[in-house]
Each structure stands twice: as C-alpha cells, then as structure tokens.
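So that you can tell them apart, the chains are marked A, B, C and D in the order they are listed, and the count of residues begins at 1 in each.
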Amino acid sequence: MSIAVIYGSTRENGNTEWLTELAINDLPVEKIYLREYNILPIKDERHTKAGFQEVTDQYNIIIDKVLKHDILIFATPIYWYSMSGTMKLFIDRWSQTLRDKDRPAFREELAKKSAYVIAVGGDKPTIKALPMIQQFQYICDFFNMAFESYIIGKASKPGEIPNDSKAIAAAREMNASLKNKLKLN
Amino acid sequence: MSIAVIYGSTRENGNTEWLTELAINDLPVEKIYLREYNILPIKDERHTKAGFQEVTDQYNIIIDKVLKHDILIFATPIYWYSMSGTMKLFIDRWSQTLRDKDRPAFREELAKKSAYVIAVGGDKPTIKALPMIQQFQYICDFFNMAFESYIIGKASKPGEIPNDSKAIAAAREMNASLKNKLKLN
Amino acid sequence: MSIAVIYGSTRENGNTEWLTELAINDLPVEKIYLREYNILPIKDERHTKAGFQEVTDQYNIIIDKVLKHDILIFATPIYWYSMSGTMKLFIDRWSQTLRDKDRPAFREELAKKSAYVIAVGGDKPTIKALPMIQQFQYICDFFNMAFESYIIGKASKPGEIPNDSKAIAAAREMNASLKNKLKLN
Amino acid sequence: MSIAVIYGSTRENGNTEWLTELAINDLPVEKIYLREYNILPIKDERHTKAGFQEVTDQYNIIIDKVLKHDILIFATPIYWYSMSGTMKLFIDRWSQTLRDKDRPAFREELAKKSAYVIAVGGDKPTIKALPMIQQFQYICDFFNMAFESYIIGKASKPGEIPNDSKAIAAAREMNASLKNKLKLN
C-alpha cells in the first residue's frame, strides 16, 4: 500500500504542508504539488455529440500518478471556506476522466481507495470548513470511496500552525493510524 | 440600482442560464460569463515581503465590471457539490483585490451590495448543494454583504431544468422580489 | 394515498401551521399535534439484557396514526436552529419502535413513505436551518425513505409568515406537486 | 474558573461519559445529569399577553447550577444525528429564561462563558454529526458565547468508545487545553 498526497496550496512550505508532514512522517508517499502543473478548467461537454475533447494540459500526468496509490490525502489550504481553486480545477476534471476511454475503470479504481483531508485556514476553520468536509464526503460517496478521516488546522500567516495543539494531536494520531493501516507498526 | 450576473458555467445556454433568465426577466442586468475571460489561480503572496504580484490575466476587467453594480447574482452549475472551478478561481482572487492599492475600498464596496445565488446540479442538489450555500453565506459574512436568497435547481442534461417546477416557482418569485427591490413594480 | 402532518409546534395556530395549511390545501390529511400527547424521553436500553421497557405514555398512539399514511409532513417551528424538543422526543423514540416486537416492519414501512419538512423560524432560517434539513435527510436515509422536499419560512411573531412571499410560493408549489402525486389534479 | 458538564445521555456510564471523563480528568467540574431532572417541553408563550407562565418542573434548578460556572461542556449522545431530546428540551427552555425577570442578565452571563461539545454516535458521526456542531455554533453565536472546541466520538454499543483512538487523542488534548485555561498546568 502507498499514499499519494495531493497538495492544493499555491505557496511553498505553507501551514498545510507543515501539518501534513506530521501525518505522513515515515510513510511511503508520493507528493503531488498541483501548483507545478498546468490544469485547465473543465469544459462541460458531457452531453455534446462528440463528448469531451482532448485538453492540452498536464492533468492526465497527475491523475495517472494518483491512480497508482491506495490512499489519497487531499492537503489544501482553505480559501474562501473551501478547497483552493487549484484543487477544485483538478477535481472538476474528474468528470472528464469518468468518460475517458483510456481510463475505463476510473470509478472502480477510486472505489478501492481511501481518502483523507488535511485543511488549514484562518477564519474559524473548525466550524467554517465543515461544509467543505461535507463536500469531500459527497465526492467520496459518489465513487464509493471510503472517506477515512480529516484534520482541520487553524493558521493564516506562515509559521502559525505549530500553535494549533489540537491539529497537531490529530495529525500525530492520523500518522499512527496510517502506519497501522500500512502495517508499518 | 443594477444587477451583475456572474456566470460560472463552462457551457453555453445551459440549465443554470435558463433558470437565471427567469429570475432576471425584464431587469437591468450586465451578464458576465467567466468562461470568456482568462483567470489564473491566485498565488497566495499575502505574507511575502513584496505582497501580491501583478498577474497578467483578465481578472481585473471582471472585478471592475462587478463593482459597478448593486446586486450580484452568482449563477453557477454545481460541479462536485460546489461552485465551478472557474467561479472558484474568480472568488479566490478576491484575496488579492483585498490588498490591491488601486481598489482600496473593495471590502466596503462589497458590504453595500446584495448577493443572490442560482445553482443547478444533477445529484440531489437541494440537499447536496447546501454546503455550498453555507460557504456563500460565510463569504458574504466576511464582507458584511447581505446574502438575500438562493435557488437550487435540479438538472443534469441540457434542457432538463424546465421540469423542475419548484426551482421555476422560486425563480419567478425572485424575479418579482428583485423588481420590487429595484422599484420596477 | 394519504398524508399525515406531524406538528411539532407548542403554540396553536402559529406560523408553521399557517404555512403548512397552504401546502395541504384540499388534500386528504390527518393532522397530528404532538403537543396534545404525552411523550417521554427515550431511555436508551438498546443494549440492556431486557431491551427496551414498556413506556407508559402516548407515543404508540401517534406512531400508529403516522404509519397509516403514505406521505409524512414534518411541520416544526425552528427552536434553537433545530426541530422543537417535542418533535425530537417523538423521533428519538423511533429507536425503540425499531426494536418493538409488535411493529416488526417499522423500518420497511417507513422505507415506502415520502417525507416533507416545513419549518419556520426567525433568525435567518434559510441559512441557519440548513443543518436541520441535513439531519432530516440523514434520518430519511437511515430508513431509505424519500425526502422529497422542504420549505423554510421566516417569521417570529404570530402572524408574520404571510410576509414571506418566497415561502408562500414554495408552499403553493408543494401543494400542486402533492396534488399531482395523489392524482388529484 | 470552573466547569459545568451537562450530560444529555439517558444511559448511565455510557460512551459519552467515558470520553468526557478523559477530557475533564483532574479538573474542577460539576456534573449535571439532565436525566435526573424533570424538564417539560417549552410552551412558546413569547408573544402572548401574559408572557411565559411559570412551569412546575426542575429546569430552574439546572439553569442555576449551570450559570455558576465559566466553562460549559455539553456532553451528549447523538440520537438521530442531533443532540438527545433530553438536552434539546433543556436548551429549548432557554427561550423562557431569556424573558425571565428573575434572571435578567441571562444573555450577558452566557456571553462570558465558553462552550465545548463532546458527542458520541454510531453512524459515521464525524460526518453526520457536523450539522449538530453547526447548530451549537449558531446557539453560541446567539449569545456571543465562545464555542471553543468539540469532539465527535464513534461508538454505539456500551464499551465501544475506547476503540476510537482519534477521539481519545482529541479528549486528551482538550484536557491539556482546559488545564491550561484554568491555569492548572
């Protein structure tokens, strides 16, 4: 078993990454920084005659990386009470992959995976990020993918997250739980 | 008083637009189709020394159009239980405008406006889009902008929305209410 | 087909009832006013050896009335952002009925029914009652009962609800939709 | 500073109490078991000429105990995705206390307190109890009372909660944080 961490942040070494590091400490992960890829907004062509048209960006590189792993950690800063636009662009494109002849088992493959969310925001995130958590649940439900757990951290300026003892305790517990799941304990 | 309709759809003449047409019938609106503009993802440079860097896209054209109006209607298809990535990109950039020396009154200007949301989705939207509605409320709260009302319609294929009698009744009521607000009755 | 309206209000002729009247106009309904019955809090005895003990109140009278109908309308004022305590007492007791040897098909019977919610509150109810709506969805999901639709009205003092044109439009639409469902159109 | 723990459970020594014990270990608390008191449903008489009538139950005993403390921990099992009916009856009565001439500073007194929630349920509680958490936030907002933090545990049968390592880590962290707040560290 292995883990893909999908980073939605646009900032390097930000609070979300710091918190995520605690959760993935000593674990076999592939880190995917969405900001390093060009991802275009989906064009909804589901119902056109020709269907979705090939898009010339780097989305497929990412989705192929993601699909190699068993556990997906979505690590996103909270922008305007939701995942970052960058991460939303990535997830929106799943609608296209669902109809991609080159990846016919996309839905079934996701159904076998487990999802985790780690999110950090500045404005009362343990309350105001709950709608985002519910949305991740709905996304997982769609694919019948297990949404195992989530951590919401509080920080806005760089370097603030180490003050959130609650999030740190949760990240350490997630780390232990992941090690257990990967039989590394 | 006048209205800006901000369309987040990537499809022309889709269900969201059809439903929105009912709500804005005979009203003075400026229609802004986000898909016609190039909007880049925000780079969070809030806390860098130099602050946000100029971004060479068309975001500022849109925000200047939006700020001319008193009433903002966010009309978005529901992609993965949330606003479209295109609309999220647009809203994420508000963090930059909040620190834009050329638009120092951004927050105060939004505080004077009223917001409405019209959203259409296919998967139990009257339940599964509620987190998105809560997020719009938090966004409005941040700016102290009144979130007047919202309509959630159900449709997935093009042309399905006329079957949603509940959304249609709500759109007609919103139209009457907007006419009243604009003293057009 | 017939309808049971389950009223959670503690006040006679309140705003919730007024709004509900619009939705059930000319329809065959049995009105159940929970306030007219003595309902004791559930004692969680699921896991005791003896199981749930007989409770000497009037709950069973109500549940038997409810089970005779195909459509359930939960009409509740919004107290502290949720259903009234009276209605919560009633629903909490369902856990007991689920284990009641005299009503072995309780779960299956509810699965065949459709649920509607009509709720009225004073403090930004179209936003702040959304968690309650999500809870009703979870309750319906538990029983595999269809949660057809809901209306949230705004009013606090007696007689205020007629000012809520949005809720009135929604109640009229619900009435038409129910007539259609009952083949009364 | 001192703590009131308000238990909404109807079962003795249940999972909610077990988890709460971890959070209040070595702290000065008054434990209030709502099940030991007779609490009648509120009758909404806000708008009657005579106002709320004296109710002959034991609610006032409880509210007087609660008001003596600085920190309120609401410890409730999750019944039907919400607080127990017993706890809802208690909170519903706050509407009456808000108009009680013998407790004219009720609102101001609550504004000075901090609230915590500890809730345990069996059906995907870390997702399905989120609406309840949002409702507690709205309740706290009403009184301008700080909603400091919450823990959601997973358990249904008696004795299951010790398996929830995530909730246990959170309860220990809450204990440390409370000790810090009460200057006991």
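Descriptive notes on the structure:
The rule we apply is simple: contacts are C-beta pairs under 8 Å (C-beta built on N, C-alpha and C of every residue); 3 or more make two chains touch, one makes a residue touch a chain.
Composition by chain, UniProt nomenclature: A, B, C, D = Multimeric flavodoxin WrbA.
Quantities reported herein were computed from a predicted structural model and do not represent experimental measurements.
Counting steps between touching chains, the shortest path from chain A to chain C takes 2. Centre-to-centre, using mean CA coordinates, chain A is 34 Å away from chain D. In whole angstrom, the spacing between the mean C-alpha positions of chain B and chain D is 38.
Chain centres here are Cα means. That of chain A falls 25 Å from that of chain B. Among the residues of chain A, those touching two or more other chains are numbered 130, 134. Contact between chains, as defined at the top, is found for A-B, A-D, B-C, C-D.
Put simply, chain C touches chain B in their complex at residues 126-127, 130, 133-134, 137, 147, 149-150, 165-166, 169-170, 172-174, 176-177. Interface residues of chain D facing chain C in the complex, by the touch rule stated above, are 9-11, 14, 35, 41-45, 47, 77, 79-86, 88-89, 91-92, 94-95, 123, 128, 130-132, 134-135, 138-139, 142, 157-158.
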